[in-house]
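Some structures to go through are shown next.
Below, chain A partners chain B and then partners chain C, in two separate complexes.
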Partner chain A sequence: MTLLTVESLKVGYGDLIAVRDVSFTVKPGEIFVLLGANGSGKTTTLRAISGLIRPIAGRIAMEGEALGAIKPHAVARLGISHVPEGRRIFPNLSVDDNLTVSYLPTRTDKSLRAILDEVYGLFPRLRERHKQMAGTMSGGEQQMLAIGRALMNCPKLLMLDEPSLGLSPVMTDLVFERLEAISNQGLTILLVEQNASAIDLATSGVILSNGVVSMAGDRAALSSTQYIQKAYLGV
Partner chain B sequence: MSDTAMSPANGVATSRINWRLIVPVAVIALMVLLPFVVGTQSYLLGIAVRAMLFIALGQAWNVVAGIGGQLSLGHGVFFGVGAYGTAILFNSLGLTPWVGGVLGAVASIAVAGLMGAATFRLRGVYFALATVAISLCLEKLARHFIGITGGDAGLAVRFIGDSLSAAQSRSPLPFFFASLVMVVAYYVLTRRLLRSNFGYQLQAVRDDEEAAAASGVPVFRTKMWGLILSAGMTALTGALYVQFYLAIDPGAAFGLGQAIQIQLPSLIGGLGTAGGPVIGGAIMILVSEVTNWLSARTAIHGLDILAYGAILLIVVMFVPGGLLGRTRRGA
Partner chain C sequence: MSSTVVSLIQALASGLLVGGVYGLFSIGFSLAFGVMRIVNFAHGELVMLGMYAAYSVYLLTGADPLLAIPIVGIFLTVVGAGLYLVVYERFVGKATLQQLLVAIAISMVIQIILQMIYGPETRGVQSVLGSQYLIYGPFFFSYGQIAAFIVAVICVGVLELLLQKTRWGKLIRAVADDPEAAEIVGANSRAINTVAFAVSCCLAGIAGCVLIIYYPVNPGTGMALMPIALIATVIGGLGSIKGAFLGGIICAIVQQLTSTFWSPALQDVPLYVLLLVFLAFFPFGLLGRKTAH
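== the complex of A and B ==
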């Protein structure tokens, strides 16, 4: 039983091939990490899954159904949520409005109010700032908002692109701790990280280098390959 | 970034909510009383109509450009199609402007649909460029097909005297109330839009197209409906304009000068806000009355354009989001 299948994915920008050959599967309920150094193809892989860039070759399937040439908003409506790199919240909208935009009544029986309460329960700081314009918040608060926004459409799969980027170690710990809490509620998470401490969070994952999978396995396997971490992650 | 920032921010928010109801209601009440104060045939009423038509155009542009972030540099297209459509249908077929105006809006929406379909899948400047290109085309066409449009000289609406069915009047009073209703309706619509799901989607697309798509917002469709709404509003204002002035010419309809003037009320008053175009438009007409008076005294022409430019510069330098602006980046 798999939730997400990526098979022989190849993606590029013009002549530049960022992802050469990437395959992996994500099982329901797990926290799956995509690790790798800068330029190894992590972000491009996520963007391909989200429909933000069209693959040159390969197959992406959600619950056995191939996504094909589907539009990004339709991917979101299938229950795949993407927290993009650099957060990219809507700076001129309030926290409330940022969250409301992502609410998709077609995906859930829950009311907007009920889901807002769930998200604010996960991130009490956001509730305190619910009327504030999002662009005026700190980086950590914006990251919480980006994650909260991705939860508003009741996804089956939550994809995060380097949520620790630019955050203080304390804030990174807090974000990772919240991801565990979200995972404990049964949501499947696909986490892209350069920060190798994400392995502690993972149930399994792959290490990418130069657009190919150089290593795949569960948490024990990933954390035992110290030399690979040194080679590819520089830690 | 501590919690101390919270309480003053909340204080501002609460007092603003009150002002946001009191000020508009007071302004509307004063406007309704205006004809009884200055007299129903007053020159001032004509100025007020001119101001409100101008404000309404700004409000219409604000929907797609201010709230939706899609920079239209050629909104004169929708204005001109509405104005010419209404006038041509009345002159040649005798069709009442009440219907002609709606048909003009429909034609305008069709043009908007074509423009959007051709350019909204591309990001960046393509839409803005297309709006300029279509303005230039329509201006040339309007000058060329003299039989239909009157050519360079423009088109005069056949005047049949005071008539409700022809929407004509010697007195500015009916136009005063018609344009007041239009401005108030557009204001209420903008306020509701800003708090609606569709409004959030438009603003999300404005702030970050890709993040909006990843959040489930259908970007293309959202831009399209934003443009269609804006084009329809602009064309209806064009219809009212041509009934008031009883004339339209290619420059006033499709000229780039007109298109730029449509943008000024929102830029000065506050992009993406409900009150911004109202305040910005009112300031501009007041200024233009003063400069017109000065121009007449000094025989120096174009002082109004000079003043608009100076005001815009000052606003861009000191309050980039406009007087009521809430956009941080001013864009």
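== the complex of A and C ==
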């Protein structure tokens, strides 16, 4: 039983091939990490899953259904939520409005109010700042908002692109701890990280280098130092 | 009261009234830019199209242009949605030069079509409002301009309310902030852009209806209006709705003051000076957003 299947994915920007051959499967309920150094193809893989960039070759399937050439908003409506690199919250919208525009009534029976309460319960800081323009918040608060926004459509799969980037260690711990709480509620998470400490969170994952999968395995296998060295240092 | 003071107050008040209408067509231009980053240089022609449409309704039925607002508004909304889906969508995110050339081509097409239908003559309507004046002491104001101002204020208020409070309004603002992020939270940016562009054109149509009350139209009117929308938008802040409205009022007041105290022939000169000053020293305008995306 798999939730997300990525098979022989190849993606590029013009002549530049960022992802050469990537395959992995994400099982329901797990925290799956996509590790790798800068430029190893992690972000591009997520962007391909979200429909933000068309793959050159390969197959992406959600619950066995191939996504094909559908638009990003259609991917979101299938229950795949993407917390993009750099957070990309709507700076000129209030915290409340950032969340409410991301609510998709077709995806859930829950009311907007009920989901807002869940998100604010998860991130009390956002509730305190619900009227504030999102662009005026700190990086950590914006990251919470980006995650909260991705939860508004009651996803089956939550994808996060380097949520720890630019955050203080304390804030990083807080964000990771919240991700665990979200995972404990049964949500499947696909986490892209350069920060190898993300392995502690993972059930399993893959290590990418230069657009191919160099290692795949469970947490124990991933944390073995030689794998990490090989992926990051190429030795 | 000395005659200078009377002239000053008269110029300021007339400027405010005319400025409401400038503001009304400037917010349409600003909306298209703010949401889609499209510099729609055909916006003046769309206002002109609204003027001719209201004129046609008047010719056929004798109805006052104010009564033609709903039908002309709907007509321009449809024209706008069509224009976006057939032409402008292809140029979203492209170089400004490409957008500019396309918009100029569109404005030429609109001009030529209107010239073929209506000829080159200047045409106006005999509006009851346009020919009557409110006289108050030494001051006088055209009822047409007063009505136009009221319509403009209502439109800006309604637009602002829709953008702030409704789901579609919030989605439009989200797309304006970051179209890609809006897509990944499930917003269909194509549909949202189409609505925003249609609203921009609808506002141009409404502006045309109120303008024709006191401002006769010929096929060159669009070209004459376009610089005002551009300058108003730059003064107010690119992409800011309230800013564009404020910018329109400032433009009209500057014109009125210049024509009262200097010469009507030179009324546009200070506008261009203002444009240069804002572009050089205050590129975000009075109310512009400083967070670029």
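The working rule: the second predicted complex is superposed on the first by the 226 of 235 C-alpha atoms of A that agree within 3 Å, B and C clash if a C-alpha of one lies under 4 Å from a C-alpha of the other, contacts with A are read in each partner's own complex, and residues count from 1 in each chain.
Going forward, a residue touches a chain if its C-beta (ideal position, glycine included) is under 8 Å from a C-beta of that chain, and two chains touch if they have at least 3 such contacts.
As the structure is a computational prediction, the values presented were derived from the model and not from experiment.
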Joint occupancy of chain A by chain B and chain C, clash or fit: clash
Which superposed partner A:E128 touches (first chain B, second chain C, both, neither): first
Partner chain in contact with A:Q142 - chain B first, chain C second, else both or neither: neither
Chain B versus chain C, judged by how many residues of chain A each one touches: B
Touched partner set for A:I89, first chain B, second chain C, both or neither: both
Partner chain(s) touched by A:R77 [first = chain B, second = chain C, both, neither]: both
First (chain B), second (chain C), both or neither touched by A:T43: neither
Which superposed partner A:T188 touches (first chain B, second chain C, both, neither): neither
Contacts on chain A seen with chain B and repeated with chain C across the two complexes: 50, 52, 71-73, 75-77, 81-82, 84, 88-93, 97-98, 100-102, 104, 135, 149-150, 152-153
Residues of chain A that touch chain B when the two form their complex: 50-52, 71-73, 75-77, 81-82, 84, 88-93, 97-98, 100-102, 104, 128-129, 131-133, 135-138, 141, 149-150, 152-153
List of chain C residues in touch with chain A within their complex: 167, 170-171, 173-174, 176-178, 180-189, 289, 291, 293
Sites on chain B touched by chain A in the complex: 1, 3, 6, 9-10, 13, 197, 200-201, 203-204, 206-208, 210-219, 272, 326-329
Residues on chain A engaged by chain C in the complex (per definition of touch): 50, 52, 71-73, 75-77, 81-82, 84, 88-93, 97-98, 100-102, 104, 135, 149-150, 152-153
